[in-house]
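Should a chain be cited, it is by its letter among A, B, C and D, assigned in written order, with residues numbered from 1 in that chain.
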Amino acid sequence: MNANAMAAAAADRADERRLLKESVAAFVERCGGATRARAMRGRSPGFDRAVWREFADLGWLAVTLPEQYGGLGLSLTEMAVIAEELGGALAPEPVIEAITLAAGVLRHAGGSVADELLPPIAAGEIIPTLAWQESDGNFDPAHVAATATADTTGGIRLNGSKAFVPHADAADGFIVTARDEQGLALYWIPADAPGVEIVLRPLATGAMVGCVSMKQVEVAPTQRIAAGRHAADALHLAIDEATVMASAALVGLIGKALNMTLDYIKVRTQFGKPIGSFQAIQHRAVDLYIQCELAQGALGDALAAHTEAPRSKAAQAATSRAKARCSDVALLICREAVQMHGAIGFTDEYDLGLYLNRALVLAAWLGNSAQHRRRYAAIGNASTQEASA
Amino acid sequence: MIDWNAMGDEEFRQEVRTFFEQNYPSELRYPPHRLRWAEIKGWYMTLAAKGWLAPTWPTLYGGMGLNPTKFLIFIEEQERWGVARTPDMGMTMVGPLLIKHGTEEQKSYYLPKILRGEHLWCQGYSEPNAGSDLASLKTSAIIDRDEFVINGQKTWTTLAQDATHIFMLVRTDPQAKKKQEGISFLLVDCKSPGITVRPIPNIAGNEEFCEVFFDNVRAPRANIVGELNKGWTIAKAMLGFERITLGSPKQSQYALGRLEILARQRGCFDDPVFLDKFTALQLDVADLVSVYARFVDIVKRGETLGPDVSLLKIWATETYSRISSLMVETAGAAGAIVGKVDFGGEPVDVLSSFYYARPAPIYGGTNEIQRNIIAKEVLGLPS
Amino acid sequence: MIDWNAMGDEEFRQEVRTFFEQNYPSELRYPPHRLRWAEIKGWYMTLAAKGWLAPTWPTLYGGMGLNPTKFLIFIEEQERWGVARTPDMGMTMVGPLLIKHGTEEQKSYYLPKILRGEHLWCQGYSEPNAGSDLASLKTSAIIDRDEFVINGQKTWTTLAQDATHIFMLVRTDPQAKKKQEGISFLLVDCKSPGITVRPIPNIAGNEEFCEVFFDNVRAPRANIVGELNKGWTIAKAMLGFERITLGSPKQSQYALGRLEILARQRGCFDDPVFLDKFTALQLDVADLVSVYARFVDIVKRGETLGPDVSLLKIWATETYSRISSLMVETAGAAGAIVGKVDFGGEPVDVLSSFYYARPAPIYGGTNEIQRNIIAKEVLGLPS
Amino acid sequence: MNANAMAAAAADRADERRLLKESVAAFVERCGGATRARAMRGRSPGFDRAVWREFADLGWLAVTLPEQYGGLGLSLTEMAVIAEELGGALAPEPVIEAITLAAGVLRHAGGSVADELLPPIAAGEIIPTLAWQESDGNFDPAHVAATATADTTGGIRLNGSKAFVPHADAADGFIVTARDEQGLALYWIPADAPGVEIVLRPLATGAMVGCVSMKQVEVAPTQRIAAGRHAADALHLAIDEATVMASAALVGLIGKALNMTLDYIKVRTQFGKPIGSFQAIQHRAVDLYIQCELAQGALGDALAAHTEAPRSKAAQAATSRAKARCSDVALLICREAVQMHGAIGFTDEYDLGLYLNRALVLAAWLGNSAQHRRRYAAIGNASTQEASA
C-alpha cells in the first residue's frame, strides 16, 4: 500500500468509527441515558437484559470477537468507541466487565470452553463475569489464593473466595482463577453451582459488586478453561484490554461532565454575571479542559500500542499510563464540576452526582491511578533491564 | 446558679469533659453526617435538663452565660469527644437574635420553648438562583392588615423537615434601590397553611437539605424582628461566629483519623509512598490547627475577627477534600463501595468523607467568595 | 537542486540525521541556554554552506523549500540530536515576511545576506510596560521627508547585542482610534546612530535579553514592510508557527533526562517516593508528547492551527517547571549550588533547568493569556 | 503568677520582641538591604566583617548565649525575630550558620573549648562554621565518615572531607565531626591548620560553600570539644535550632517576596487595568497568602515546642514541620512571584531574583522539605513506638 492508499484507508476507518460512535450515542440516548442509569440504582440485576440483547443484536458484544466465533474481528479501537459512548451515557450494562474482561479471557485462552461459551455470550444469551481478585484487593493477577485440588472421583474442588466481582448478582457464571499444581488455572462455574455463595455490596453507582466464596465447589475437568502460563497470559491480556476500555469509558464520562459544567457556568449567574465570565472560574475550566486532552492522548496511545504489539511491555505501560491519567482526570473533573455547580451539584436529583459516582467506580476498578503509576514504573524498570540484559 | 466564668479553665474543662463522657451516647460519637431529630432528641433533652443547651445565652434567659474562653473550651470538649451537632439554629441564631433585637413578647414566648425542645428552628436564607449572592433573594412578604403574606421559595434549608419554625429573610420592599435594602427578618411557624417542605436527597444518600415553598403563607406582623426593611443588617451581623466554625480543623482531623485506621489495616504505613502523602496531609492539618488557634485567641480576647478569617474556611475545607481523596485511593479496589467496609479490623466507611468533602467548600459562602474577600479586604487588591 | 519533498520521509530523515551527527559540534549538544553568536557561528556557516539554513524558504530564494511534513522531520532530528537554535530570526521571521510582503528590492538586498550570515536579525516588538499587551506599544516613527525618525524603547529583545538588524513595530499614527491601528513594520540597521543596546542580565547569570533605545534614529522610508499603519496585521499573521514550537516537549524531555542522570547517581530510583514523583512527571511528558503529535499532524496536513494549540504551551512549560523543581529537590544539599555538580558520575547542572523554567510560562504570551484565549475561543465562556 | 500577671508578662514580652524586630529592621535597612546583598555576591568573604562587629555590639550574636559567657540568656524566640528580619532583608552575614549552628554546638557541648571560644565569638572576633555533612549530602548528623585517630605522639589525626560547609572561605575555624573509637566526636580546627584544603563553590546567592578536606590534620586533645553521646546530643540540638532559625529566615523572606509582588500587581497595568484586578491573579495571590500564614503557624509552633521541651521528640517533629512548610512556601511564592511579575521578575537587576536565590539556598540547607517530611514521619513513628513500649 502506498502512502496515498494508506491515508485513504485511515480516513475510511475514521469515517467508520465516527458512524459507529454516532449510532451508539443515538441508541443509548434513546434507551434513556442518565434517567435510566438513575432508575437502575440498587436494582438486581443493575442493568436491563432486554437492552443487553439489543446490544447483541447490534453486534456490539461481538466487535472484537474473531469471525470463527461469529464475531466481527475488529480491533480494540472500535470497541473503545463503544466503551466511550456507553461511559458518557452512563449505560449500566456491563459491556467491559462481561465482554472485554470475562469473554476476553475465554477468547485469549481459546479451547473447548471458549468454543462452547463465546457464541451464546456474543448473542447476549449468557453473561459471564470474571472473579480474579482476592479480598485484599491486590491487583496483580498472579496473586491467587483460591485453590483447585483434584478429588478422589476424578473431579476438581475449588475453594477460596473472590472479591470485587462485578455484577455478581446478575452473571450466569463465573470465570474464576485458582491455584493448582501447575500454577494459575481458570475455571468456568455456573452461578448456581453448589457451594457458591455470594455476598453483595452496593457500589457508588448503585450496581452490585460481589464477594464470591467457593466451598468445595465441584467442577469437571472440562470446565477448566486453561492452565499454567497459557492461562496467565490470557488473563493478563484480557485485564489489560479491559483496563484500556475502562479508560475509554472514563474519557466518555470526562467529556460529558466537563461539557455539562461548561454549559452550566455559561448560564448560571451570580452578582449579575454568568459565573463562567469570572476569570478564576475560566482558568480552572481551562485546566480541566487540558486534562481532558491529556486523557484522550493517553487513551489514543494505549489503543495504538495494543494494535501494534498487544502483549508487549510497551502496550502494558501504555495501558497503565492511560488508566492512571483517565482515573485522575475523571475524579478531578467531577470534583471540580460539583464545586463549580455549587449546592445543586451535590443533590441527588441533578445528574452530575451520577457522573461522580461512575467516576469513583471506574477509577477504583482494575487498579486506581496510584496503583497504575506504580505498575508503569515497574514495567519501565523491567523493560530497561530487558533491554540492557 | 453556677457562675461558670468564675471557675478555673481546667476545672471547667474537666467538668464538661466528664459530663460528655458519662452522658453522651457512645453510638453517636463522630457521626459521619448531620443527625436527624429522631436520633439526637435524647441528647438534646439531656442537655436541656442539665441547663447546658444554650452555652452562650445569658443566665437571665436560661443559658450558661459562658464568656468566649469558656465557650471555646465547651466546643473543644464537644469536638474532642465527637459530640454531634444538635439542631442548634434556635440556640446559635434565633436566641442571640431575639436577645439583641427581639421584643419582650418575642423573647418570653420563644426562648423557653427552644430550651425545652418544643421549637426546632431552621434557617430560611438561600433561594434558588441566588447562591452566594444571598441579597438577591426574591421571596416576598406583603403586609395585609396585621399579617404578612409570604410567597416564594427557600432552598438548601438544613433539616427543615425536622423544624417546627423557620426564621427567614423576605423582600418587603421590591422598589428599594439596593438589593440589600427592602429585606426584612421574619419568624414563621412551619405548620402555617401554605408551607410545603421537600427534602432534597444528596449524592451521599442523605436528606440534610430541603426546599421550602411558601404559597400565600400568613404570619402575624408581630413576627418581624427588628425594623421593617432592615433585616439584611441584622442577618449579616449574625454571621460573625459562623466564620470561625466553618474553618474548624475538626472534619480534617476526623477524616485523617479514619484514614489512619484504614491504612493501618491495609499495611500502608510500610509503603513509603503512602507515608509521604499521609505525612504531607498531617502537616497540612497541623498547620491548620495552628492558624485556627490564632483566630480562636482573637475570639477569646473578645476582639472582632477580621476578613482574614476566611483563610481558615478555604484551607480547612480543601485539606478535608484532599484527605478524603487519599482515603478513596488508599482503599484501592474497595474505594467505590458504599457503607462501611471490613478491611480486617474496625470497619471503615471509605466514601462518607469523600461525599461530605464535596459541599464543604460551597456552603457558608463558597471558597471563591472567600478568596474574593481576602483579595479585596486583606490584600487590598484593586477591583 | 535537490527536490527534498519528492524524497521518502524515512530517506529524508536519514539524510538529515546523518548530516547532523557528522557535522554538529558535540560540545554544543543540548546547551542549557541560548548560544551566543561567537559560539554558534561555526555551525551557522556549516548550515549555510550546505544550503540548509532556511528549511522552509522556497528554493527560488535559496531555501530548501520543505513542505510541512519534511520540515517537521527536520525539526525532530534537530531536537533528537540536541542541535542548538541558531540566531534564526532572519530565517523564521524576516525571510517569510519579506517573501510575502516585501518589495523586490527588499528581497534581493536582504535575503542573500541572511543566508550568508552577514545579517543577524532581532525582533523589536516588546516594550517596557506593554507586557502581553503588545499592541499598546509607544515607540514612535515620524516621517521626515524620505526617512522615518524613530524614538522610544524596545525591551526583552533576544540577543540584540549580536544582531546587525532589527525588525520592529513602531507607532506611525498616534491618533488612530484603536491601539492596533497606526502601527507600522520597519527594518532598521543596528549600526544607525542613536541606537543603544543594553543587555539585561538575568537571574540565571546570562544575557539573553536586551533593551534597545532609539534616540532620533533615522531609517529610510523604503525600509517599511507592507503598508503604512498596517503593521499589526502583518505581525500577527507571522505568529502562527511559533505557537506550536512554544509547546514542544523538548525542554521537558531534556530536563527529565538530566533528572534521571542525577537520580541514578544518587540512588534515588531505589526510593519509592522519588520513583512515584518521577513516574508522575514521566506520564505528564508522555501525554504532552501525545497531544503535541496531534497538533503536529494538523500542521503536516497543511491545516491551520486553532486556538486550542495554546494548551500545549501551558502544559509544556508548567511540566518543565515541575520537573525542574524535582531536580532541585533531588539534589538535596547540593540543590543551591551554581554550575555543574559532581555526584559521582556525569556532572549535572542542577539549577539551569530551574532558572530556565522561570521565563518559559511568560514569553510568547503568558500562560494567563493562553488560558484567556482557550476560555474564550475554545470553551466559549462569556466575557 | 496569676492569670493577669501572666497575661501582662506575655504582653511585655510581645512588646520587647516588637521593639527588637523594629530595631533589627531599621539597622539592616540602614546597612543597605537588597543593594548590599547584591554587592556581596561572588565576593570572599561574602559578607561584611564591619557589619558583623556591629551585630556583636548590638548584642545580636549573644542573644541565646547564657549569661556566664557574657550572653543575654534569651530564648530561641528572640533569636527568631532577628533571623526573620535578617532573612527578609537578605542580610548576607552568617548569623544562623556561625552563631545558632556552630557556636550553638559549642554552647550545648560546654567544656573548655566552649569556655575559650564563646566569648570572642559573641564579641564578633572569631567566626566559626560547622563542618558536619559528608559529600553525599546525607542530613543525618550521625552519618559521619571522617575519622579521628590517635597518633604516636599523643596527638590526634583527622582525615576525611566535609561538604556543604557554609562560608568556608571566611570562617576562622571549623567545628568538625569525626568518628573515633567512642563514636562521634567534635573537634575545633583553625582555618589555617596544616592539612586543611578548601574547595569553594558558589551558591545561588553568590555566597561560597566549601568542601573542607582534611589530610592528617593534627589536633591536640584540648581541641576536642566533646565526644560520644554528649557530642551527638549537642550536635543534634544545634542543628535543630539552626533549622528553626532557617525557617524563621524563610518566613521573613516569604513575607517580603509576597508584599513585593502584591505591590507590583496593584500598579502594573495590562490591557488598561492593574493585573491585580484580574480574578485569576487575585485567587493565586490569596493562595500564596494562605501559605504564608501556614508557614508562620508552623514556625510559631516550632518555637513554642523548643521553649517547652527543647530536646523532645515533639520539638524535633515541630522543627521538621516548620522547615518543610517554610521551604516549600518560599520556593512556591518566589516562583509565582516571578510569574506574576512577568519578564522583569527574571532579570538580574530586579530584586526578586535575590529572594528566589536566597529561597533556593535556605530551602536546600539543613534538609529540604522532602527530607524533613520524611524525618517528621520517622519521628512520629518513633514516638508512637516509644509511647506504646
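Here is the rule we use: a residue touches a chain if its C-beta (ideal position, glycine included) is under 8 Å from a C-beta of that chain, and two chains touch if they have at least 3 such contacts.
Quantities reported herein were computed from a predicted structural model and do not represent experimental measurements.
Engineer: When I count C-beta pairs in contact, which pair ends up with more: C-D or A-C?
Structural biologist: Looking at C-D and A-C side by side, C-D shows more C-beta contacts.
Engineer: Centre to centre, using CA atoms, which chain is the farthest one from chain A?
Structural biologist: D
Engineer: Could you state the distance in Å from the CA-based centre of chain C to that of chain D?
Structural biologist: Computed from C-alpha means, the inter-chain centre distance equals 41 Å.
Engineer: What's the distance between the Cα centroids of chain B and chain C, rounded to whole Å?
Structural biologist: 55
Engineer: Indicate the whole-number Å distance between the mean C-alpha point of chain A and the mean C-alpha point of chain C.
Structural biologist: Taking the average C-alpha coordinate of chain A and of chain C, the gap between them is 44 Å.
Engineer: Let me have the rounded angstrom distance from the C-alpha centre of chain A over to the C-alpha centre of chain D, please.
Structural biologist: Comparing mean C-alpha positions, chain D is 54 Å from chain A.
Engineer: Scan chain B for residues touching two or more other chains and write them down.
Structural biologist: 273, 276, 368, 371
Engineer: Where does chain A touch two or more other chains at once, residue-wise?
Structural biologist: In chain A, 278-280, 282-283, 374 touch at least two other chains.
Engineer: Would you pull the chain A residues touching chain C in the complex into a rising list?
Structural biologist: Going by the criterion above, the answer is residues 262, 265-266, 273-274, 276-277, 279, 282-283, 285-287, 289-290, 293-298, 300-301, 321, 324-325, 373-374, 376-377, 380-381.
Engineer: For chain C, which residues count as touching chain B in their complex?
Structural biologist: Chain C reaches chain B through residues 271-273, 276.
Engineer: Under the stated contact criterion, what part of chain B meets chain D in this complex?
Structural biologist: By the definition above, chain B touches chain D via 269, 275-276, 278-280, 282-284, 286-288, 290-291, 294, 308, 311, 314-315, 368, 371-372, 374-376, 378-383.
Engineer: Can you list the chain C residues touching chain D in their complex?
Structural biologist: Per the stated touch rule, the residues are 126, 129, 131-133, 155-156, 200-203, 205, 209, 273, 321, 325, 328-329, 331-339, 341, 351, 354, 358-359, 361-363, 366-368, 371.
Engineer: Sort out for me which residues of chain D touch chain C in the complex.
Structural biologist: 133, 137, 139, 163-164, 201-205, 209, 268-271, 278, 280-281, 331, 335, 338-339, 342-343, 345-349, 353, 356-357, 360-361, 363-365, 368-371, 374
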